[in-house]
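Each of the next two complexes has chain A plus one other chain: chain B in the first, chain C in the second.
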Partner chain A sequence: MFFHIRLERNLQLHPRFFGPQLRDKLVEKLIHDVEGTCSGRHGFVVAVTGVDTIGKGLIRDGTGYVTFPIHYQCVVFRPFKGEILEGVVTLVNKMGFFAEAGPVQIFVSNHLIPDDMSFQSGDVPCYETSDSSVRIQKDSEVRLKIVGTRVDATEIFCIGTIKDDFLGLIGDPTAGA
Partner chain B sequence: LQEVGAIARRLVLNSSLLARLVRLVARAFYDDEIPHKGANPGKSGKSDNKGISVVVLDALTRRQWVKEEELAKRLKLHPKQLRRTLRVLEDEMLVIREDHKETTKNAKVYNAAVAVADGEQQGGPANEKTKALLHSYCCLDYAQICDVVRYRIHRAKKMIKDELEDKNTVQEYVCPDSGCGRRYSALDASRLISPVDMNFHCERCDAELVANNDKLAPKDLGEGNNEENARRRQREKLKEMLERMEVQLKPLTDQLAKLKDLTPPDYGSFSQWQERTLAQARGDGDGDHKTANGERPSVPMPFLGETKARVEVAFAGSDTKEAVKEDPGKSMKVLPPWMIRQGMSLTAQQRGEVKTEEGASSDTKPTVAPTMDEKPMSAERQLQEEYVKAYYAALMLQQQQQQQQQPPGDALDEVKKEEPDQENGFAAIAGDRVVGVKSKRDDAEDDVEWEEEAPSTGLRSPISFASIAKLC
Partner chain C sequence: MSILTPPSSPALSSASDDFALLLDSELAAESADEGSEPAANREEAEDLDDENEERRKRLRLDSASNSSCPPHPGFMWGVCIRCGVLKPNSEPGGSASNVALKYIHEEFELAGDVLARVREDELRQVLGKRKLFLVLDLDHTLLNSARWMEVFPDETAYLEHTYMNVPEDKIPALSNGAPAVAGVIQPGGGGLHRIHGMQLWTKLRPFAHKFLEEASKLFEMYVYTMGERMYAVTMAHLLDPTGKFFKGRVISQRDSTCRQTKDLDIVLGADSAVLILDDTEAVWPKHRANLIVMERYHFFQSSCRQFGLENPSLTKAERDESKDEGALANVLKVLQRIHSDFFMESDDSRYTCDVRDITSVVRSEILSGCKLVFSRIFPTDCLEPELTPLWRLCVDLGAECVLAHDDSVTHVVALDRFTDKAKWAKEHRKFLVHPAWVEAAHSLWRRPNELEFPVREGQTRAPVFTFAKTVNVEVERNREEKDQTN
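For the complex of A and B:
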């Protein structure tokens, strides 16, 4: 799920940037450092929306670098157990398939795929019902439910299921633009 | 007294319910052989120890704290075998074990305690030969047994139910390589994927991983139409298993339900139990214990030999000051007043305030010295309080009768002489305390003592105090 939160970070700036564009440089550095990263606690930082305050810089001993504490606001994405997401299938395997919902990767094992769908290997591996009415292959869109998350310091990985009602394939890769 | 009887009955009922539970559990789950640990797996058919735990657990329901060697002797088992069994049972959380380094004397104390608990008589110092060895004691832990059994049954049922409802979500993967055998969870899936063939590979040996289906998961019996049938069959098998389990466990679950509200008896740690039973022994006035004077390590001033506690009793005048029964086997000696100093932490027993059991009340547990720390469960305390009340009532009655017989303010001698005779039957010693100078002095001391201790022990007959005061 997406959240809009306020975070803090200490940025180190090289003296060559000390000039009239100091603040802009700081913001640029912040965006460069933070966007796209993931912390276990907050989730993936999607975008920085604004900078609240930039504190007074502290010169580090020995080097000329200066440390600025920055408070900023950003949009983060963090998946939770029990959440329902749509994702795109990236890899199909006889053990299950991998899907991506934005920055987070979700694995659906074959144990959590409905019993009537079975793995078909071949040049295009996929999961298919016996009458081929539903086929899940690479680049299909699926709706899945998250049943477990593994949160490291800098990474989040999820396990999902499509075995419940209203889950499963929602978009064919062939149809639509 | 009726209430006391009711409580006593409830206690007994309690233990019989619990004993039954333990026996049921033993026969239900521990019927098979004890697994051999370590070097020699399976003693080449020399001895088949199938069902040994049943025997051991049954024996333990009849005893409280037991020395392992003694248990082995009684059960005619090899002590090593018994020890192994007890170790397994301890791991299963059914039994508590404690180890004590003991000297000969303490062993005798232990024997006394056991004898009391068993209601037997020990003729003479039985096991003199016990040296300063490490003795192991074991006891059934009823409170834990109830909880543990209930929890395990719940878990077993949950496992089957979850599988039926498909709650097993996180898959496990095992490396089939015999040397490796590493297990992975589905949560690790992202780093197990191999770029080459799009399958999961072990991190160490790079063998292809296999999904770990435990027996409850639906088996992969091939693809196509068979699978649906297979899964349905699997579900039915699980349901049937669940039903069968419930039916077979029914007597056990019933027993557990009965016990749910009752608190199980807590024998405390071994040393507490020892203290308690010995106090009981003393209180019972059971003079049959011939075990030698055990030194009580916890007592600050061990008192060897028989005490002249009778002296104290006689002076204080009659039975409000409870007579201390002279037990050759008791370990808590009554300290006469000239030994009592300020600030000595003595139990009420040592101050000579223990009540003895008279012929009248025939109930089980007398009061244990109130300064002892861990009290057994509340029912026991209740029992004791009831007993105390009953005892006091009986005493009061008796005293009043006595007062009617002799006019108050009579020579204290007669009272002195009579009381000990009545209570203790040690006429000889009491008779020697004729009125003399010395006795009077002691008397005075005693009075001071008594008055101090009066408030602590509750009921006191005002009449006898008056008579004492007169003499001063």
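For the complex of A and C:
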């Protein structure tokens, strides 16, 4: 789920950037440092939307670097247990499949794939119903529910399921519903 | 929605990450805020409460269906793959029963009983396709590698001249897909490759590609090496550029459950259907019966040095193993024989055969009909020569071994020509052979020509140490060119 939140960060800036473009340089550095990263607490930072305030810079003893506290607003993405997401399948093997929903990778094990779908190995490994009406393979889009997450300092891992109603392959008129 | 931008972000810093409960609590808080409303709205609020209660009940039911989970079937990234809880640090069932299948995914583990079921399923599927399992070692079995700094300048010059100077059209193209750490890979003729990212020369054993192609029709193949993961993946790419033979079944040292030995516990199949090709016996302590020992492929001088051998390597002798009559071609025939015997004996879908029994039967045909007596091989104070490795090897190969010579003896195995038994052999026109003849039989899987293993005076060392047929590289290449143009 996406959130729009206000965060704070301390940026260190080298003296070579002190000048009329100081504020722009700070914003540039902020965007470079923060966009695309993940913190366990807030999730993946998708984009910085605005800078609220830039506090007074503090010169660090011993070096010429200056630390600026920046308050900024950004869009973050954090998956939750119980949330329903759409993802794209990236890898299928006999233990289950991996799907990606934006920056987060979700593993759906074969325990949480409906019993009528079985693994077919071959040139294109996939999970298929016995009448081949529904086939989940690499690059298929699936709707899944997050069953569990593990949140580290810098990474989020998710386990998902497609065993419930309305989950599974999307984009095929005969599937899912 | 106002719940999404509270200054203290309770939603995001809460320890529980259950989204539905979060929404519920926020909605309940909101409806409590609007408590001073007229009766009609109060009814609506009550309906809302009922709905919330139902939703909570449904949640509890959902989690009840996952309560079959305290025996967690497995973990990915430390999260149970069925119920989503984090792996507890101290499990009552003992986390020792979880087997890490790192070659499938680095963070993947399966519980012991689930793994057993998966192995049974795989076995049934593979046998249904009329295939068995084959586990292949890399170093000295399918290829030989040497670091650049171990290859001296004269050997490097020889390699560049004989193998890397081959015209472009004779070199098979190497598709993309090698791991990035391997860097640039320069292929040469004869299966020699120069790998820049790892500073390695690698020479594939002649017939390797053809062997894999033919074996893949009969076996589901695994690579199992004691090397590092990146090395294993790079070598697998050289042997199998399109990935169709191994399909990611590459096991390296860190995937193995034990650091110093190899085990079939992470191979998804059953011990009765797996054959192993390796040059070292000691590294498979629990599965000697499944093992087919291959003769070591010593291409680079460093390989001979590593094993303390004084004999020249193939580069020194300017030779290479023969393609069609070398070690891999021989072992392929053996594998084909074992495969056909297995499926012939179990025609129905029951597959009660054991590949280990079939292998020992095939092995015992090699020297069947031979009766051997030994001279000057065992020390005189040796109490039980039947327990020595050489005797046991002869028995495995199907020969009958006796201590005293009589008329039915066919071979005398000796190290000295002038012993009583040796002289007796000469008189009665029996074969007099060096013990290397027995080892050759073991490597070649056929009865070798006795005349190639004479007992020479003053020479107790084996006349040859490799038994596979080798050919001169230039001659062989010219012959191949001529064959192609004809």
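Going forward, the second predicted complex is superposed on the first by the 171 of 177 C-alpha atoms of A that agree within 3 Å, B and C clash if a C-alpha of one lies under 4 Å from a C-alpha of the other, contacts with A are read in each partner's own complex, and residues count from 1 in each chain.
We take it that contacts are C-beta pairs under 8 Å (C-beta built on N, C-alpha and C of every residue); 3 or more make two chains touch, one makes a residue touch a chain.
Only a predicted model underlies this, so the values are computations on that prediction, with no experimental measurement involved.
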{"item": "Chain C versus chain B on the shared chain A, clash or fit after superposition", "value": "clash"}
{"item": "First, second, both or neither for A:95, with chain B first and chain C second", "value": "both"}
{"item": "Partner chain(s) touched by A:67 [first = chain B, second = chain C, both, neither]", "value": "neither"}
{"item": "Partner chain in contact with A:129 - chain B first, chain C second, else both or neither", "value": "neither"}
{"item": "Which of chain B and chain C A:12 touches, first, second, both or neither", "value": "neither"}
{"item": "Which superposed partner A:41 touches (first chain B, second chain C, both, neither)", "value": "second"}
{"item": "Contacts of A:118 with chain B and chain C, given as first, second, both or neither", "value": "first"}
{"item": "Where chain A meets both chain C and chain B, residue numbers", "value": "93-96, 107, 109, 111-112, 147-148, 150, 157, 159"}
{"item": "Residue ranges of chain C touching chain A (in the complex, touch as defined)", "value": "4-5, 7, 9, 11-13, 17-22, 66, 73-74, 76-86, 101, 104-105, 107-108, 110, 118, 122, 247-248"}
{"item": "Residue numbers on chain A that touch chain B, as the complex places them", "value": "91, 93-96, 98, 105, 107, 109-112, 115-116, 118, 125, 130, 147-148, 150, 157, 159, 161, 163"}
{"item": "Of chain B, residues touching chain A in the complex", "value": "166, 168-171, 173, 186-190, 193, 198-200, 209, 211, 217, 223-225, 227-228, 231"}
{"item": "In the complex with chain C, residue positions of chain A that touch it", "value": "1, 3-6, 41-43, 78, 80-83, 93-96, 107, 109, 111-112, 121, 146-151, 157-159"}
